[in-house]
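Reading through the structure tokens given below for one structure.
Each chain gets a letter, A, B and C, in the order it is written, and its residues are counted from 1.
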Amino acid sequence: MPSALKHTLFILAPLVIVLAVLPGVYQNHLLLFNFVIFLVLAQGVNIIYGFTGYLPFGYVGFFGAGAYGFAIMVMHLQAPALLAVLAAGVVGILLGLLLTPLLRLSGAYFAIANLAASLAVLHLVANPALESITKGPYGVSLTGTFNPNSAYMAAVVVLALTVAAVVYLKNSSFGLALQAVREDSVSAAMAGVNVVKMRVLAWLASALVAGLAGGIYAWYVSVFYPDNVFSGEFSIFAIVFALFGGVATITGPIVGVIILYGIYNLIGFTTPQYFQLIYGLLIMGLVLFLPAGLVSLATRRGWHVP
Amino acid sequence: MLTYALVAGVLFGLYFSLVGIGLNLVFGVMRIVNLAHGDVLMLGAFIALGVVTLAGIDPLFAVPLAFIVFLLAGLLLYWVLVPRLQGSVNPEMLSIILFFGLSQVIEAITTIFAGTSERSIQSRLLGTVFSTIKVKWFGGKPGPAGPVQIFGQGFPAPWVIAAVTSLVAIGLVYLYLYRSRLGTLTRAVMSRRDEALATGIDVDRVSAAAFGIGLGLAAVAGVFAPFMFGSVTPAFGADATVTSFAIVVLGSLGNPLGTALGGVVYGVCYMLVQTYLSSWADLLPYVLLILILLLRPSGLLGRQVRVA
Amino acid sequence: MSPKARPILNVAKLVKRFGGFHALDGLSFHVVPGEILGLVGPNGSGKTTAINVISGLYAPDGGEVTLDGQPIGGIASHRLVHRGINRTFQVPKPFMSLTVRENVQVALSHGRPAVAPPSVADLLDEYRLTELADRPASELNSAQQKMLDLTRALATRPRLLLLDELAAGLNPAELDWIAGRIKALAASGMAIIVVEHLMGFIEHITDRVIVLNAGKEIFEGKLAAAVQEPQVIEVFLGGEHAA
């Protein structure tokens, strides 16, 4: 059996089926929804960081822009929710296109510039001068489209598409070329790879999934403020979940989200600063002791991890 | 109004230079972006708060205290964290994440002990040591110093004190880099790290010193933060890091003295935007940072270091 | 090889500056299909810069580079690869975390389209990498990394191959073997430019050499004749390659 089919049958399909039926047996709908959103975001980070090596410190910029794309479609154009979600994806891609020049920067420069870009979008959206369009810092309320069950299913669909994209990257010459570019862009060009095109495509793909996720999040919660949907925690959680499991794999980010977000909710911290403390220590420990993620425990023993 | 904005911009700019210079020193020597830089600044502010509330003395005394505490903390942290990091596959990327983790830890611990409320210090307390000396030696009435007159306009005394302290600190960094042995080695490591290693320079010692001094300078800048920005909270660190990065990139990454120029340019822009376009002032550091990175990646003065 | 064969590559009055330094200062030469041309000269004479310009890493500051009569100066590297140019690197830079097989696979699937592309297995076998096929490239020693770099280049089916100090660091048995491989590639019609410090190796494999000094050609012809030239001797004497 070709490995792409194997990955689809044994990773993608079970994940999507379980998440699709879980709301029927488990009460905490919001928690499940957050799981799906973080799975999408962690895989989005996987696409851009795992396969191309760009660390998107401002990944939440696409998510927040998507949420506001959804809100503006609904508030000003009375668009139906599904159309508004698609618009959120388009907003993600447009912001991604606008930021493509950042791909000229490498390493830390890219990470910081991307962070700055997300903060710039936040301050733009939250600016009182734009109140007539975005409602500025006062937040939006979209009760007309409120429908958590449909939003949840849309999130599962986006997750399926995102994981399918990662399965494709893991099994295609496109994905292999991306990893070659990540390792050494000059040698990659000398292997005939169109370095710029590859990077831009991966960047736009990860912008698209974050934009879609943001739109669906807006649909689900229906009332939010700029600080909610542009919260740096989305970027950081997504990056840490992906890293903890292991990037450039299909399963790594999934395992990362299930374990870390699972622990987060099991412990259920009421005081965020204790969580932040444990989280910070976890990040430091991860970098110092397990820089290639949980999957490296297996790969070090010579086991293959999809 | 323009004169006021320009002079205030230069005063703030000198202070901003101090805010950024430690980050740049650490980057120049270690090629590591210290994402916990802003959190050290925040801790410096809390040292100033502590000096005022516990000892009841002029917060200026927090300057040497903050410097020494963070110089030592920097040396310690260096030896704990950095060797392990540099043995890994991708030290640059991992260092960003590591120091981000550190910044989370610092912010969380500070929140646990100090809460999330905004802390400020009465600005008349800064510089009381000068008026005390003046009274003791030259007579006259004790009391808070009024605004300082420059070009016929009054500016808050703390702004001037912070600007002067920054100038002194930058001068000392210059003396360290150009007049001391360790500083000369530091410059060698900054310009060619590989060759410095090959010629047998103790790169670890140079880097540890730079890291300690970098954190010390950040903490000193932090002492003035409550006066320059009105108040601080434990969450102040993240914004301070991005602002510092903008200042450093504006000057030139890897060239600590370029930061002085970057700081002044940033300060003047900041004050002009505050004066004429105040509702957009929040956007300034981010937009400036992105524009500079894209249009003039080597900074206003500087060599090429960053394009992929 | 017919001396009248049409050149595949022609370099005319090529100039490349770094700041005020002229790395190439009016360099001209050509190479025809099936020929092995040596580029020799002291360090800093412009050999690697010439390769970097021809392979599209740098845009030239003056002069012209043509492939099959078409100007190619300033065209992106991957496009030149698709048109049949490839090269190895003085310090090979394989895709470290990918396996040896994947390294070659990337080049095979993104290189120049061909009617009958070689297979990964054959390529690995030809360059003695079969045993290492599933190991990450980071585990290879430097001689093996050089062979992987060459295999990566060949997987794109080049018509013009630029070899930058491929032989440095190989042992005598490996040198003999690689010389045989290079000659076989040329015999199949590939044009090859070799930059090398090992004069014996150059003499053994090249048809013709260009001696460079300060970015200019100072001699063109057989290596045996070059070492008789007073100008060439002067350039090399006192240099590290005098022996």
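One rule holds for everything that comes next: contacts are C-beta pairs under 8 Å (C-beta built on N, C-alpha and C of every residue); 3 or more make two chains touch, one makes a residue touch a chain.
The structure displayed is predicted, hence computed values, not measured ones.
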| request: Go through A-C and A-B and name the pair with more C-beta contacts between its chains. | output: A-B
| field | Chain nearest the overall C-alpha centroid of the shown protein atoms | value | A
| remark: If chain centres are mean C-alpha positions, then the most distant from chain B is chain C
| note | chain B and chain C have mean C-alpha positions lying a whole-number Å distance apart equal to 50
| said: Between chain A and chain C, what distance separates the C-alpha centroids? Give it in angstrom. | reply: 43
| remark: Per the C-alpha centroid definition, the whole-Å distance linking chain A and chain B comes out as 33
| Taking each residue of chain B in turn, which ones touch at least two of the other chains? | 89
| request: Could you list the positions in chain C whose residues touch two or more of the other chains? | output: 97
| Which residues of chain B touch chain A in their complex? | 33, 81, 84-85, 88-90, 92-94, 96-98, 100-109, 111-112, 238, 242, 245-246, 279-280, 282-283, 285-287, 289-290, 293-294, 297, 306-308
| said: List the residues on chain A that touch chain C in their complex, please. | reply: 173, 176-177, 179-180, 183-184, 186-195
| request: Would you mind writing out the residues of chain A in touch with chain B in their complex? | output: 53, 55, 57, 101-109, 111-113, 115-117, 119-120, 123-124, 127-129, 185, 232, 236, 239, 243, 273-274, 276-277, 279-284, 286-288, 291-292
| message | Can you tell me which positions in chain C touch chain A when the two form their complex? | response | 55-57, 76-78, 81-82, 86-87, 89, 93-98, 102-103, 105-107, 109-112, 149, 152-153, 155-156
